[in-house]
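These are the structures, in structure tokens.
In what follows, chain A forms one complex with chain B and a second complex with chain C.
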Partner chain A sequence: MKRTAIVPALYIVFLMLPIYWLVSMSFKTTNEILGGFSLYPRDFTLENYIVIFTDPVWYTGYLNSMAYVSLNTVLSVACALPAAYAFSRYRFIGDKHLFFWLLTNRMAPPAVFALPFFQLYSAVGLFDTHIAVALSHTLFNIPLAVWILEGFMSGVPKELDETAYVDGHSFWSFFLKIFIPTIAAGIGVACFFCFMFSWVELLLAKTLTAVEAKPIAATMTRTASTSGYELGLLAAAGTLTIVPGAFVIYFVRNYIAKGFALGRV
Partner chain B sequence: MNKTVNQKAWLFVLPVFILVAFNAVIPLMTVVNYSVQETFGDNTFFWSGVLWFTEILQSERFHDSLGRQMIFTFSILAIEVPLGVAIALTMPRKGAWVPVCLVLMALPLLIPWNVVGAMWNIFALPDIGLLGYGLNAMGFDYNFTRQIGDAWFTLILMDVWHWTSLVVLLAYAGLVSIPDAYYQAAKIDGAGAFAIFRYIQLPKMKRVLTIAVLLRFMDSFMVYTEAVVLTGGGPGNSTTLLSIDLVKIALGQFDLGPAAAMSIIYFLIILALSWVFYTLMMRNEES
Partner chain C sequence: MTLELRQIEKTLGTDVHIHPTDLVLEAGGFNILLGTTLSGKTTLMQLMAGLDRPTGGTLHFNGKDVTGMRVQNRNVSMVYQQFINYPNFTVYENIASPLRVARMPDAEIKKRVGAMADLMRLSPMLDRKPAELSGGQQQRTALARALVKDSELVLLDEPLANLDFKLREELREELPKLFADRNCIVVYATTEPIEALLLGGSTATLHEGRVTQFGPTGDVYRNPKDVISAQVFSEPPMNTATVRKVGDRVDLGGIAYWPCPAVLSDKPDGDYQIGLRPHHVTPAANTPDGAQDGCVKISGEVLVTELSGSESTVHFKVGPEVWVSLAHGIHSFGVGEVADLQADLSRAFYFGADGALISS
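Showing the complex of A and B:
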């Protein structure tokens, strides 16, 4: 290993320190946390995790988050696929304007939309459902998915389409059986980003839910403000929110760098 | 690529168009609607013209939070972009360490934003947090909930921790796409490390770096959750960034008119600056 590798190594140590602190805090008892500074848990306890896995208020939060994140990822990518194909292959009236307009929605601050979204989704009777959160997150995920997929699709030569038609494929049979497998890596990257931005967003998810579809992140903020300051419990809940993300990264690890290079993001 | 003219392509775009229009146009119209009306809280509204706009544009509170937002955004850009490039340049290109590095570096990107805030809060607590306790043990008088400078330091450090990896991943992707032949040619020409960086690596990274700057600019301008959880905008109003202020006005005080006018001004600022970046990026790609 070269001497310059010290820079990324130090950076990774810097990244891991707060995470270590969160994880170590989650194994401490409340007494130890409030009792003073300690580098590692002296009184190792699983109490905090047991509370989360047995109390429905906590674990349904995870299930709710998972439900709307998956729904949003499927919805965003499924809608973005044909649209990205149209942008990469055809020219039509208003295409460039439409593309920029889509991107502007990626720039809209969620804080601007929180109140109108609350009113809109209450009006159509979707308030406090997984569908509401999944739909609202398409606001920034669909533009992103279109952007990424269009980048990948533009890298596929048009001759592929033409050869398939000559071979007698109909459009949909070509699209589903040939084209989609060709850009599988791109779809993976798009799913990764949709998952990521839907999983980490809180403001809209919190505004659009009350009880039934409450995400785990909202359970955490409400616990922090109502039942005093149970740091150990919060740390355990926080640690568990890192796990799904870590899984997803592990699966796409070989695609991330490649995906970044080929696609737009 | 040569694109064929085909108006039926609109049918492919239609689902996306309907969904985004439902999500963007209706709420935006609601905001515009509120921004030109006055209410006394009993659900009756009166036309008020551009009153809220002039009020917001002249209010000191808005100028202050916009100023703080600018300082925040430009400081994190000035730190994250050079740091990200430096890390990407020194990362190994091949071998078993590459996936390990990538996975560990991408980890902060996938942590929910309120957890990031809570994690840094616990990490920076002066009495029981590793960072806070460490700094105090080293003789610094550090307390991010009381001292403005410390609050800013923690806020910026948190953002660097959270988002530098995005710049690293993008810059790294740009570097990996450079063929070995370029480096061999540079070796034959006797180019030094700096010349390689200046004439081979930097031009190849230009496109991804523009994307990185664009994304970091937009997202840091909208930052809300992490900052609220970490400092709550305090001490006082010293770290109240634009979106924190907006949520305070809209959902805290329920002043719909001023909040809506502020939303529109806020959105237009992001749109204008992003449009500048976008045009520059497209021009780069064409040339």
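Showing the complex of A and C:
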């Protein structure tokens, strides 16, 4: 091996170690995990995964998470598209301030909002529903999506809009048939970021749910159960929680850097 | 077919983008808007197209008031400096787009797009996306889309500015042919006087949101109405300086004197402006007084000399002004050297204190 490859190799090993540990734990029995130090599963078992896919306590957690995350992603991007278009194409009083104010929503810790949201959603009867979590997550996902989409939209010359109007397209015909396909990559990136933040957010999701819409992360962080520590099971749940993110990121891998720069190059 | 602007104006807050403008554009031949960047060419075109609403004045097409009519309801096409095509459509769909919106039958669309693609030499690329084409082909696609729908007003906003030199010349030659047998009003914006002269037609010179002169291109070039129109329609810009008429002599800031020209003979003594195109200022002739007949010798400190193959451009100081001389052949002057040049007074323009041309 070339000497120059040593540093990156060590770096990757260092990065992957916790993930390897998690995956390796998920194939071990709880006794082996607690019994001593082992680098790889000696009694290789799929029992943990079987429990997760068959026990409703576990798999409904995934279904609940999927439900509110998808709902949130659709809501956020659907609201952010017209907003970002307005910020990118029009000048109006206070536009710059409003645009910045959107981002400040991300600066407050979610804990600040946990109490008012809990009280508000309980009062209107939305407590413990998927829509409650999805709505609460739009608080930080819409601003993010607006910023990302605005960046991508501003990269499209406004002459494209004008050309479409000159050709006879109405606004909606232009927006749906021409503009949205043009910024498809941006929409993909915005969806990914909304997905990611909603998927990993724990505090609001936990506060606003009890039984019906309980997210997987809440189930997973419950370390002890009636049958004692179920570490193998928790590791398997953790592994499965990583998978959707890895799956989604694959589709937008070429645009992620631009997304982190909020669509600005 | 006429497009008439009556007192059209555009202001944004306290910024005046277009001063009240009257202009009548006709079909047949190019109507050229000539002006530097930010002179208001694009704004004027957007007002003509209906993409932007004027803050004052009215717009009439064939006598009918179309001010405020939506651009979708007008029969207009536009081509921009940037190559604007729909990135997710193929070249075929790009060209077909205006026809599809007009709900033309497929067979007719196919016929028209095919013919237009042949004309624009795009036939082999119809299935490609615009991003897979060269700049010239992308702009051809944009032109094809503008021409395929038989619009009555075609606006070309510096369509050749982003093209390579060779492609630009090629497309510039094709353009007049493309429009030759079309019944439409063509408006062409450019920053380059040479392009205006090559395309002919009529020219409107624009300066800071004002149309300073409008007329047949040759006339505007030869008979500028005022010093600004003359400067806009000259590349490099026209050389100007203040001259003083004293009796039967004209004095260029003590640098040169010559007999009073006929146009100034019956004007009172005082300050006037002289305008000389760069190619009428050339290196001094080899005669005793350093100038040919009808010319006057002018000496000045050289700032820059640019040699471009068979032509030399010399920037030199004339009193407080910087003049440019454009001459055939290689004339190399060192920086700081005092160069002897001659100005062809028979080609000189004289402007009054208000900038208006003084003609006989």
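We take it that the second predicted complex is superposed on the first by the 242 of 265 C-alpha atoms of A that agree within 3 Å, B and C clash if a C-alpha of one lies under 4 Å from a C-alpha of the other, contacts with A are read in each partner's own complex, and residues count from 1 in each chain.
Keep this in mind: a contact is a pair of C-beta atoms (placed from the backbone, for glycine too) under 8 Å apart; a residue touches a chain by one contact, two chains touch by 3 or more.
As the structure is a prediction and not an experimental result, all values here were calculated from the model.
S.K.: Will chain C clash with chain B on chain A after the two structures are superposed, or do they fit?
M.R.: fit
S.K.: After lining up the shared chain so the two structures overlap, which partner does A:N31 touch, if you call chain B first and chain C second: first, second, both or neither?
M.R.: After superposition on chain A, A:N31 lies in contact with neither partner.
S.K.: On the A-aligned overlay, A:Q119 touches which partner chain: chain B = first, chain C = second, or both, or neither?
M.R.: first
S.K.: Quick one: is A:A111 in contact with chain B, with chain C, with both, or with neither? Answer first, second, both or neither.
M.R.: first
S.K.: State whether chain B or chain C is in contact with more residues of chain A in the superposed arrangement.
M.R.: Partner with more touched residues of chain A: B.
S.K.: Could you say whether A:E201 touches chain B, chain C, both of them, or neither, answering first, second, both or neither?
M.R.: After superposition on chain A, A:E201 lies in contact with chain B alone.
S.K.: Of the partners chain B and chain C, which touch A:V166 in the superposed model: first, second, both, neither?
M.R.: second
S.K.: Using the touch definition from the top, say if A:T182 reaches chain B (first), chain C (second), both or neither.
M.R.: second
S.K.: Considering the aligned complexes, could you tell me the closest Cα pair distance between chain B and chain C in angstrom?
M.R.: Between chain B and chain C, the shortest C-alpha distance works out to 8 Å.
S.K.: After overlaying the two complexes on chain A, where does the chain B footprint on chain A coincide with the chain C footprint?
M.R.: none
S.K.: Applying the document's contact rule, which stretches of chain A touch chain B when the two form their complex?
M.R.: 1-2, 4-8, 11-12, 14-22, 25, 33-34, 36-37, 39, 75, 79-80, 82-83, 85-93, 95, 98, 100, 102-117, 119-120, 135-136, 138-139, 142-143, 146, 154, 158, 196, 199-203, 216-217, 220-221, 224, 231, 234-235, 238, 241-242, 244-246, 248-250, 253-254, 256-261, 264-265
S.K.: Show me the residue ranges of chain A that touch chain C in the complex, using the header's touch definition.
M.R.: Against chain C, chain A makes touches at 157, 159-160, 162-170, 173, 178, 181-182, 184.
S.K.: Looking at the complex, which residues from chain C come into contact with chain A?
M.R.: Listed in rising order, the residues are 46, 49, 51, 71-72, 76-78, 80, 82, 84, 86-89, 97-98, 101-102, 142, 145, 149.
S.K.: What does chain B use to touch chain A in their complex?
M.R.: The contact residues of chain B facing chain A are 1-10, 12-13, 15-17, 19-20, 22-24, 26-28, 30-31, 86-87, 89-92, 97-99, 101-115, 118-120, 122-123, 127-131, 133, 161, 164-165, 168-170, 172-174, 176-177, 208, 211, 215, 218, 221-222, 224-225, 229, 242-243, 246-247, 250-251, 256, 259, 263, 266-267, 270-271, 274, 278.
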